[in-house]
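Got some structures for you, see below.
Look at the two complexes coming up: subunit A is in both, with subunit B in one and subunit C in the other.
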Partner chain A sequence: MDVFLQQVLSGLATGGIYASLALALVMIYQATDVVNFAQGEMAMFATYLAWSMLNAGMSYWLTFVATLAIAFVAGVAIQRIIIRPVETAPILTIVIVTLGLLVILNSVAGWIWTYLQKPFPSPFPREPIRIGGIVFGAHDVGEIAVTLVMLALLFAFFRFTPLGLAMRAAAQNPVSSRLAGIRVGWMLALGWGLAAVFGAVAGLMVAPVLTLDPNMMGGIQIYAFAAATLGGFGSPVGAVVGGFIVGITENLVGTYVSFIGTELKLTVALAMIIVVLLVRPAGLFGRTVVRRV
Partner chain B sequence: MPAILEVEALEAFYGRTKALHGVSFAMDEGGITTVLGANGAGKTTTLRAICAMIRRSGSIRFAGQRIEGRGTEDIVKLGIAHVPEGRGTFVDLTVEENLRVGAWARRAGGSVAEDMTRVFGYFPILAERRRQVAGTLSGGEQQMLAVSRALMLRPRLLLLDEPSLGLAPLIVREIFRILRAINREAGVSILLVEQNASLALDLADHVFLLETGRMVLSGTSDVLKRDDAIRRSYLGY
Partner chain C sequence: MSRGLRLALFVGAVGAAVVVPAFVSGFRLFQFTQVYIYAIALMGLNLLTGYNGQFSLGHGAFYAIGAYTSAIMMDRWNVPYGWTIPVAGVLCLVVGFLFGRPALRLEGLYLALATFSLALAVPQILKYFEHWTGGSQGIVLTKPKAPWGVPLTEDQWLYYLTLAVTVAMFVAAANLIRGRVGRAIVAIRDNHLAAEVMGVDTALVKSVTFGVSAAYTGVAGALSAIVIAFVAPDSFNVFLSVTLLIGIVIGGFASIWGNIFGALFIQFVPNWAQDISKAAPWAIFGIFLIGFMYAMPYGIAGAIRRLWIRWVVSRVSRAPGGDVRSSPAKASTT
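Showing the complex of A and B:
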């Protein structure tokens, strides 16, 4: 039972990372119908910037805030400079552009920081937390807390601020939004900025576990895809719930199904994507969209 | 009375196809003007061209200010609210959120809550449904919401595109009654595009007739109601 609870908690911790990245994917997908394949690499790049700042002697939480701020600005800039010119192009063109961005960010990171793995600090204490007879990793608990705080902030932003409302309106009905005086193009750019922030949080939280290298987010991105698919690409809540479900499932299957172990864990994510697409393509929280062709 | 809107030699294009061939008209501040015409005459296009939703050329003045070089968002900020064909409802937002979106660009002061109370005064049913997702409203309620959303801008000019489309006659009459009240009480000028000519002629004080992208006739509604050609073609008696 203890092992079970520990695995669930550590599943929630990694699930939080998948949830953050999945949320980033869904935010962009909802607003623009684009799946940003470079989301993970943007997060990796932000984490490297944080690593450089930490190495320069900045405190952790200052670095944390600065990284998120840079990620936001960079996300906005990427949308305005790279994505916007191809906005009206066929979907495949945009997909290729984001794939190109993925490759570029990966190589540039390798070029600047090399492909050698770098240890990345956790802001949380090393000593595990004991509750009853069960031992939890402090980083796991901290990770869950950070994820939940970020989600609460995002929810409050979209729910209670005029800007959040304008962004939702722009994603939903661009024509009507323009007639309400909303600058839809800028709202999309803000969406990219926010998505980049969530990606950066995922990167910062996962780097202490995986150690930092340019390919760090590759696997995470696949889990995030699984999470977004499971929850439904159209549903932010679904992405978050999907992230946690994928995290827990991955951990439990890895622990209790002996032949999977740690080596085949990624396969679980891919299997989940396929099963969801076969059984319920819109995902748990998604709605089936009927389009007239 | 000063003109709120002056349009001169307005041309508009869908891709390379010219849809308006030099439309000119002016409307008085505080008035209700309607544009009549058959399907495809260019009524909707005229409204879209005023709001820069399509490529256009010619001169457009709003309250004396030239707006033909401006983008949609800027034109809206000047105080032109456009209720588009098909109502443009934000179906996943609640009624209240729809109204807040409508207030996004306004420059006039005053509280949004106060204005919301005011539009709820015009359309009490919306007050009952304020927390409901707008996609679940009936067609008539969505049209009321669309008009209300436009009013949240505190516009000087309201462009209405076929507000009667697909609605039951009783509801249409109710909406038109309130449009008149809005015009009188709030002093909002209205430019109405409408298929239902007899309704439009009853509401409007000035009428323009569009045929295949050209203005062919204009006058006060009292005079045009008695015009034989208009009666035969648009009123059907």
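Showing the complex of A and C:
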């Protein structure tokens, strides 16, 4: 039972990472109907920037804030400069552009920081936390806390601020929003910026566990895809719930199903994606879109 | 282009390919062999994405299946290498068809997602079945010698073998596309409802296209295993799938010749870029991907086609009484 609880908790911790990245994917998808294949690599790049800042002697939380700020600006810039020219092009074109971004970020990171694995510090204490007979890693608990705080902030932003309202409006009905005086193009760019921030959080939280290297986010991204698919690409709440479900499932399956272990982890995610797409393509929380043709 | 001109170009290109071994040898020749192998794989991906409009970001998976089919048959069962190529093709045909069935329900982005995840998972799956695949060590094979005492080196023999397979598969693909099935494939891409109304069995054609596409890529994989004489899981990672996609983007969607241009690009550009840095090839690939999407969405083949049309139009309009654009009335009466 203790093992089970521990696995569930560490599942929640990794689930929080998947949830953050899945949320980033869903935010962009909702606004522009595009899946950003470069989301994971953007997060990886931000984490490398943080690594450089830490190495230069900055304190952890200052680095944390600075990284998120840089990620935000970079996200906005990527949307305005790279994605905007192909905004109205067929989906395949946009997918290819984000894939191009993926390989550029991946190789540039390898170019600058080499492909060697780098240890990344955790801001949380090393000593595990004991509750009853169960031992929890402090980093796990901290990860969950950070994820929850970020989610609360995001919810508050979209629910209670005029800018959040404008962004929701721009995503839902661009034409009417434009008529109402909202600058839709900039709202989309802000969405990319926020998505980049969430990705960066995921990167910063996962780097201490996996150690930093340019291919760090590949596996995380496939799990985030699984989470977003499970929750439904149209639903932010779904992405978060999906992230936690996927995280817990991954840990429990890895522990209790012996033939899978850690070696077939990515295959489990692949199977999840395919099964969800076949059984319930809209996901748990998504609404089926009926199009008139 | 007229039929005669096409035929002349085709014969010229094959002729040029036949004399290549007289001028290059060793590693350079191996690289050209690799170009044909890529071209076959690109032809397969182009059938699916360019002509039929279905995304696949995971064609490296079929390449891997083809390569491992060939390698396992040669290594474990001592099957002559020549037989492993058609077997790999048929196996990929079946697997592709089966993958294409559920893919029918996935449109656009979702198909891209599912295939991308497949590409990411391939190396792990290959490592898992260690008993068959030799795990991360892979399988080492021996390069076949030229049969019947033909006076060719191993590299030259493999070059001609690959060239022959490539020509055969390109001719087959060209016929497929120009025929009735090809029109159905393209019609589904352009307007699947209209195609269905015209009596095209959309589901069947789409999954068969997936199968044929996978078979092409599988044959390419099998050839690569024979030519390189080595297979290992990490060479079939997600970047292989992205490489194939880059090939058809650069070469040109829905073009047969484009696959050759694409194959030349993905074979030689990384080689040159490698001199700058280990990471440079991918940075350059990425820049080309995005740049082509902005400037030449139909790739090199599309650009050539457009130049050709412009040249023909300018010649026609310069000919006496041949200016179609300025005298529509005259054109309609004749």
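In this text, the second predicted complex is superposed on the first by the 293 of 293 C-alpha atoms of A that agree within 3 Å, B and C clash if a C-alpha of one lies under 4 Å from a C-alpha of the other, contacts with A are read in each partner's own complex, and residues count from 1 in each chain.
By our rule, a contact is a pair of C-beta atoms (placed from the backbone, for glycine too) under 8 Å apart; a residue touches a chain by one contact, two chains touch by 3 or more.
Note that the coordinates shown come from a computational prediction; the quantities given were computed from them, not determined experimentally.
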(message) With both complexes superposed on chain A, which partner does A:Ile222 reach: first (subunit B), second (subunit C), both or neither?
(response) second
(request) Could you look at A:Ala56 and tell me whether it touches subunit B, subunit C, both or neither (first, second, both, neither)? (result) neither
(message) Which chain, subunit B or subunit C, ends up touching more residues of subunit A in the combined arrangement?
(response) C
(message) Just checking: does A:Pro85 make contact with subunit B only, subunit C only, both, or neither of them? Give me first, second, both or neither.
(response) second
(request) Mind working out whether A:Ser176 is in touch with subunit B, subunit C, both or neither, as first, second, both or neither? (result) first
(request) Indicate the residue numbers of subunit A shared between its subunit B interface and its subunit C interface, in ascending order. (result) none
(request) Report the residues of subunit B in contact with subunit A in the complex, numbered from low to high. (result) 51, 53, 72-73, 76-77, 81-82, 84, 88-93, 97, 100-102, 104-106, 149, 153
(message) If we count contacts the way the header does, which residues on subunit A are in touch with subunit C in the complex?
(response) 33-35, 37, 82, 85-86, 89, 91-93, 95-97, 99-104, 106-108, 110-111, 115, 218-219, 221-222, 225-226, 229, 263-267, 269-270, 273-274, 277-278, 281, 293
(request) Would you tell me which residues of subunit C are touching subunit A in their complex? (result) 49, 55, 57, 102, 105-106, 108-110, 112-114, 116-118, 120-121, 124-125, 127-128, 193, 238-239, 242, 245, 249, 277-283, 285-290, 293-294, 297
(message) Under the stated contact criterion, what part of subunit A meets subunit B in this complex?
(response) 162, 165-166, 168-169, 172-173, 175-183
